[in-house]
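I have a structure here, written as structure tokens, and I will follow up with some questions on it.
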Amino acid sequence: MNKYLLYPGCSMESSAKAYMESMNTILESLDLHFEEIEDWNCCGATEYLGINLIPAYSLIARNLALATKQMHPVNGTGGTRTVVAPCSACYLNLAKADHYMNERPSLGEKVNEALAAGGLHYEAGTLDVRHLIDILVYDVGLEKIREAVVHPLTGLKVVPYMGCMLPRPDYQHRWSDHEHPTELDDLLRALGADVIDYPLTTECCGGHMTQIGPETAFELIRRLVADADERGAQMMVTVCPMCQMNVDAYQNEMNNYFGTDYHIPILFFTQLMGLAFGKEPGELGIGVELVSSRNVLAGIGVEVPVTQEPAAPRKKDEGLPMPRRWTKHEGRKETVK
Amino acid sequence: MTHVKPKFAMYWAASCGGCEIAVLNTHEKILDVDANFDVVFWPVAMDAKYKDVEAMEDGSILLTLFNGGIRNDENEHIAKLLRQKSKILVAFGSCACEGCIPGLANLSPVGEIVHTAFNTISTDNPHEIYPRTSYDVPEGELHIPKLEKTLRPLDHVVDVDYFMPGCPPESHQIAAVLDLVIDVLHGRATLPPKGSTIGVGNSTVCDECPRARNVKAIKEFKRIQDIAPADPDLCLLEQGIPCNGPATCSGCNARCPQAGAQCIGCYGPAQGVTDYGARLITAFASVIDAKEPEEIDRILDGIPDPTGQMYRFSLPASPLKANREAFKAK
Amino acid sequence: MPHMTDERVRAGLTHEEDLSLLHEVSMKTAGVSRLEMCIQCGTCGGSCPAAKDMDHTPRMLFAMLRAGMREEVLRSNTQWICVSCYHCVVRCPQEVHIADVMYTLKGMAIKEKLYEDSTAPDFSQTFVDMVETYGRSFEMGLASRHYLRHFPLRLPGMMPMGLGMITKGRMALMPKKIKQMDQLKKILDHAKQLEMTS
Amino acid sequence: MTEKIGVYVCHCGSNIAGVVDVEDVAKWAAEKLGHQGVVIARDYKFMCSSLGQELIEKDIKELGLTRVVVAACSPHLHEKTFRIAAQNAGLNPYLVELASIREQVSWVHTDKAVATAKSKAVVSGAVSRVIENAPLEEIKVPINPNTLVVGGGIAGIQSALEIANAGFHVYLVEREPSIGGHMAQFDKTFPTLDCSACILTPRMVEAGTHPNITLLTWSEVVNVAGYVGNFNVTIKKKARFVNEELCTGCGICQEKCPKKVIDDVYEAGLGYRKAVYTPFAQAVPNYPVMDKENCIYFEKGTCKACEKFCPTNAIDFNQQDQLLNVEVGNIILATGYDLFDARRVSNYGYGRLPNVFTSLEFERLSNAAGPTNGNIVLRDGKTMPKSVGIIHCVGSRDRNFNNYCSVICCMQGLKFAHLVHERTGATVYNFYIDMRTAYKAYDEFYQRVLEEGTLFVRGKVAEVTDAARYSNERGKLIVQTEDTLAGKQRRIPVDMVILSSGLQPRHDAKEVGKMFGISCSTDGWFTEKHPKLDPVATMTEGIYIVGCAQGPKDIPSSVAQGAAASARVLDKILQREVALEPIKATVNKEMCSGCRICNGLCPFNAIAFIADDNVSEINPALCQGCGTCVAACPAGAISGTGFSNEQINAQIDGLLMKNLEPVGA
Amino acid sequence: MTDQFEPTIIGFTCNWCSYRAADLAGTARMKYAPNVRLIRLMCSGRLDPTFVLRALSGGADGVMITGCHPGECHYIEQNYKALRRFLLLKRVLTGLGIEPERVKLVWASAAEGAKFAAETTAFVEEIRKLGPLCWGKDEDGRMKDDEDIGNSSIKIHPSSFEKEVPA
């Protein structure tokens, strides 16, 4: 059993309940044990940072400080210094606080001074903050995930949507690339899905702009949905509650705003993992999305998997060869095949 | 050579007494001492009073072997006395040469030392009684020696003719030195220049160590007990064991490394070296195979007590003779 | 250890009186901002997904910072349009911490009440109030309060969405509160004090 | 013996005297340092003037001075001056010490009392030190007149030809099958638009046929021993599987070889070659090499088509790698550069978006002898682009990749714009941060390209994407950037994107540098001895660097450096012997315990372990005098001349001298 | 001069980079704290820990070691060797009760005159904060005023040792 500390984040309890449910459903199949940080508080999202620097970082650091109390082995369970955050914004905030408290010691000192008022302390660098998909791809490994698949998602045309806050700014160099990371693609491929190359995979969903400047947000959502549609995707798959919320809940508003008629459901990758692992849609929170995925999923529910068409043989006058596939380069993780 | 035998003395100041045992360990060679010398003062071996020595003519003792460092005023008094009475004064053993283990007390202020000795868990002292330098007893006033702030090697107190390091000096070296002095007495040899270190080789322990050596690149320092078993034929330092051999004066026949243990440096620095610890710092730093500060620090964590490692025997002889606190202490 | 050179020294600022707007922003930013390193290449403005709605591109804003155009910078909507997607941050050839500078500018604009449109600052404040009251965010309360205040006419249009969220159980009607709210309060109060004095 | 020391304090006009009370310093030295042997202390307006020097010479002769301390400027400026003066007066030059009281005192401090006191401390340090100085003699070694040039690009070719033409022998080693380097891949050269092959090929032929040049292609240096004047170099001549004596270069083997391989090197991955091949038609030497990895015979044991058809029986499948030893006096490294891997800037889509090309790919595309016969077409091999975007600074001037300017990209971008415009009539955009067109006739070329109608957008491109947002973007590559002059974000749809990729050090530059005993900068380029005044020499005597091995540069600069290094080599050869600085380390064998701690410390391989005697030994000719081993020897068995323990310890004591108050005050 | 403590600092510089940086600071007339007295070595790799100990025991309050940036050593990589010694030396000094901050390692290239000046000034300030090293130079090997071991409680007062002050 591999133990991790879990920082769920506020959305996981409300708008992204489905994410939480599906995550909990698949953990067992992968031999993972997540222990929730006790009495965690909101990470402040992107709002708090824009108002007060030290309170913002103190707010975040309280969670880190609480987490260190649960690091050590208890009752035969192994110890861990890894905190898992399934929400990209939470992940970034936690990682960022840890990073900056280190990069600028004066900030670290002040934050600790504030924490001391609540009897807490956090030493930058103590914890390893990681996102859920990082754990799944790099700790659990695609091999193990592939083994757990009982119902391959063959024929399901998906675009992987990583969002922006996960691969960037990437203080710890965890991702294969800042622009086109392949972790989600590889994972979905391991589930048997038909993964479409999605150049906008790390573009922004609009974040809080749905609240404060909806026009700006609608344009960003339009770009994402329109390109997914143009590429023939039946579904978008995401790793972030905010992305899911914006693309799903505001798709209709966006359609109204632009006079378009897109219907691209967006699910969490954990929901698809659950389906592939043979779990019931009900256990995975499927059905609570506003843009329904029912029709799309019906397509793979019972049907015989479609065999892949063999690639056409290369013609003589096909043109010039493409450069070789991406290779490992400095400071980044090697692409998982 | 006159029929009067030259006079010999030996004294034991702040030290453990191992040096005296080492002299006895020369076995029948000890008889040569008796045959060639008139032993006039050797508290551990025969009865003699300080006043007897005080009564001697200056320079009347030919050879004095002085072991132990100078820790109290009695040590200092006798050191000066024996200097005055002796032609040849030898700082005998690591304590007299460099301060040795008793010298590690220089890392603590003397008050703390006394406190530790008399009023911590090791001593049952409910009334918190501490020693005094003078007592009034029915017979009169009694004096006991008073501690000085730090321990000093002999040559920090008096002029020393020769140094003979080792904790203790190896018996074969003692025998060789005795032979040399006897040869000088018989006109068969001449004394080395004043200030020389005697009873040692002219290189370091590695010179006498039979273990095979290569270019060293250490990724991890380990304690010897954590390597099981260590390669018996390969340089210990190369195996990551912090062996002091490279910086330690030769002369002991590399006893410890030969026996499978690392050299801990009792023979002190090679000749001409002013600071033993500095030589060892640079030796260990040189074999570390890392460039990043974090990585280097990780490797250095394998030497848990660097100060003790570098200065186990030579702290009082170093330019930085003691812990700063020992100097500043109130 | 050779330690990090003080930011001020690197910026060539050795005396207090050299404090410029650029420096002030730099010092108020969480990490090492590297603002003084900007070469005006435009990578940030080119990368920004929301640039078309901004008064000035981030690059332009940095040029204005350098020129000491305090009011123009703080009144700009740029920092409020920033969606924190970090595209500019990872692409910036000079490794300027652009997103964090945007946070700093927001904070400064709020403190000096130099913003044209109060929507964004209000939203942030509402959010922060919720967090300071409950320790967790409360989406329902936040969204409804915010829309009611700033886009009352849009609210009807948004209703189906909101209702959908509620009926699907994706919006809690009541806020959740953490247990040790008093502890969090103490921390935040002390942090605010520190913020004032630093 | 007691030394007689003279102390000379320079006013340097008012440079020193304006801040330091020089008279007091001199008086103080005479009075307070007398016990150390100071017999005379003078101050003088300009110590380095001929009159100042004569003053010292006169004192040496008349007072019999045995040591001299000059308190003046930095030793980097005038140490040599005063050493020569001492030598003229019959004193060993190494018995002179300079105390820097200008750069270290008067120019950096303002308080006169403090500056004067510090000057005294500095003088005290120098006096203490100079007492411990030992007379030293320069070491002279003979120079072997042969030269090794590593790398057969234009810089290496130029170097080899200059030396060979002067009548001395050169070994020219090239790792690829042919010399020519990157320049052989280009079509046109800026700013004159000369045909690259037309100007390069004659030089290649000249180098290939020169009686004084031994050309070793398909070869690599594997070991370097020795020192300036006397290098012993081991060269691995890789098996060609073609007998050079018998081969006539007819090309039948290439024609018959059934195995087609993508040519990553010469064609930049854009074209094909055979398993047995010469990289291009004008290759020098003209005989082919066999690529063992791709040869069907080596893979499967059958085929041998080349052997069957070779008219001179030159194919030899049994050929082995050979190791050659050559003795040379000087070495010129012209190892060139690697192109930055544009895949790393993933937002530009190279490797993912077919119609994004690198600069080197475009060079081949535009080359009349290239895979498309000089037709500029998209990756489909036939469509001519109607619009082209050229992106500057790809991987350069970017802390995420290389933090330096690659120098050639601006001009290269302009050249590409011209070629695209000339051959396709397409609309061309140049996206740049700063246009850098320094040097003769370069800016004029910029003007010309402007006149031709090329569009310039000032902004570092943010991304190249195929995700269309608007209908006019469908099927195009969209270049998204901020037009920084307009202050607006723009999306410009084009058919083709050319990335002006930067240059970077050879992937193995570090190891090569280590082998030759020279260092690399943090960026990885070989470090020159002095960036301005000695740009082709290195810290290791007898090793020179030219062309892009030293840093990004264009063809004219590479050629100039090749010539410059040759002049330096010829100078060395004609001197017949070379004097080495006598700052060296030596091992006292009696004291050495053979612990071997020093063995791993010398980057110049100057320390050898003599197993029979169980001691280490330092080769004085290889020793560069850094003193690391001296500081490291745990037995204190290594001593260093010029910077001995005694000298430095004495200087520490001297610098810490107290009582620096004015005398007679 | 004011009454504030003026530390004495010995600086070891590499001939190729930091010594030239000091020259450059001079040529550019950059002002920095006058407390540092420099010793030129051919390379930071020449720095023997003995030099540092000698300087500290001989009256210096701090020691600044400067060398070429990692990867830029004129002798290829000897500055890394200096780094290793420095890190170990600091640990030993800590054990000897000397604040490890009294010894500082600075990388400065020949072009970094400004950095050299700034680092020097900063170091002087740091040492000023730490105060004098107060290292006893016991010429006769003896503390100035040894006191009796007390009567019934700890009465040992090795009085604080004063630094030798110029007359």
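As written, the chain order gives the labels A, B, C, D and E, with residue 1 at the start of each chain.
Everything that follows uses one rule, which is that a contact is a pair of C-beta atoms (placed from the backbone, for glycine too) under 8 Å apart; a residue touches a chain by one contact, two chains touch by 3 or more.
Keep in mind it's a predicted model, so treat the numbers as computed, not measured.
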{"item": "Chain-contact steps, minimal, separating subunit D from subunit C", "value": "1"}
{"item": "Reaching subunit C from subunit B through chains that touch each other, fewest steps", "value": "2"}
{"item": "Most widely separated chain from subunit E, with each centre as the mean of CA atoms", "value": "A"}
{"item": "Chain pair bearing the highest count of C-beta contacts", "value": "A-C"}
{"item": "Cα-centroid distance, subunit C relative to subunit E, in whole angstrom", "value": "44"}
{"item": "Averaged-CA centre spacing for the pair subunit E and subunit D, given as whole angstrom", "value": "35"}
{"item": "Chain centre separation in whole Å, for subunit E relative to subunit A (CA means)", "value": "51"}
{"item": "Two or more partner chains touched - positions in subunit A", "value": "178-179, 223"}
{"item": "Contacts with 2+ other chains: residues of subunit E", "value": "48-50, 54, 58, 70, 77, 81, 85"}
{"item": "Contacts with 2+ other chains: residues of subunit D", "value": "347, 463, 601, 631-632, 649"}
{"item": "Partner subunit C, residues of subunit A touching it in the complex", "value": "10-11, 13-18, 39-42, 44-55, 57-59, 62, 96, 99-100, 103-104, 107, 110-111, 113-120, 164-165, 168-170, 178-179, 202-204, 206-209, 211-216, 220, 223, 249-250, 252-253, 256, 287-290"}
{"item": "Contacting residues of subunit B [partner subunit D, same complex]", "value": "202-207, 213-217, 235, 237, 245-247, 250, 269-274, 279-280, 282-283, 285-287"}
{"item": "Subunit B residues within the subunit E interface of the complex", "value": "107, 109-111, 114-115, 128-133, 146-150, 152, 156-157, 274-275, 277-279, 281-282, 284-286, 288, 290-291, 293, 296-297, 300, 303, 305-308, 310-311, 318-330"}
{"item": "Complex contacts: residues of subunit E adjacent to subunit D", "value": "1, 8, 10, 16, 19-20, 22-23, 25-27, 29-32, 34, 37-43, 45-51, 54-55, 58-60, 69-78, 81-82, 85, 117, 164, 166-167"}
{"item": "Complex interface listing, subunit D residues touching subunit C", "value": "347, 393, 397-400, 433, 458-463, 480-484, 487-489"}
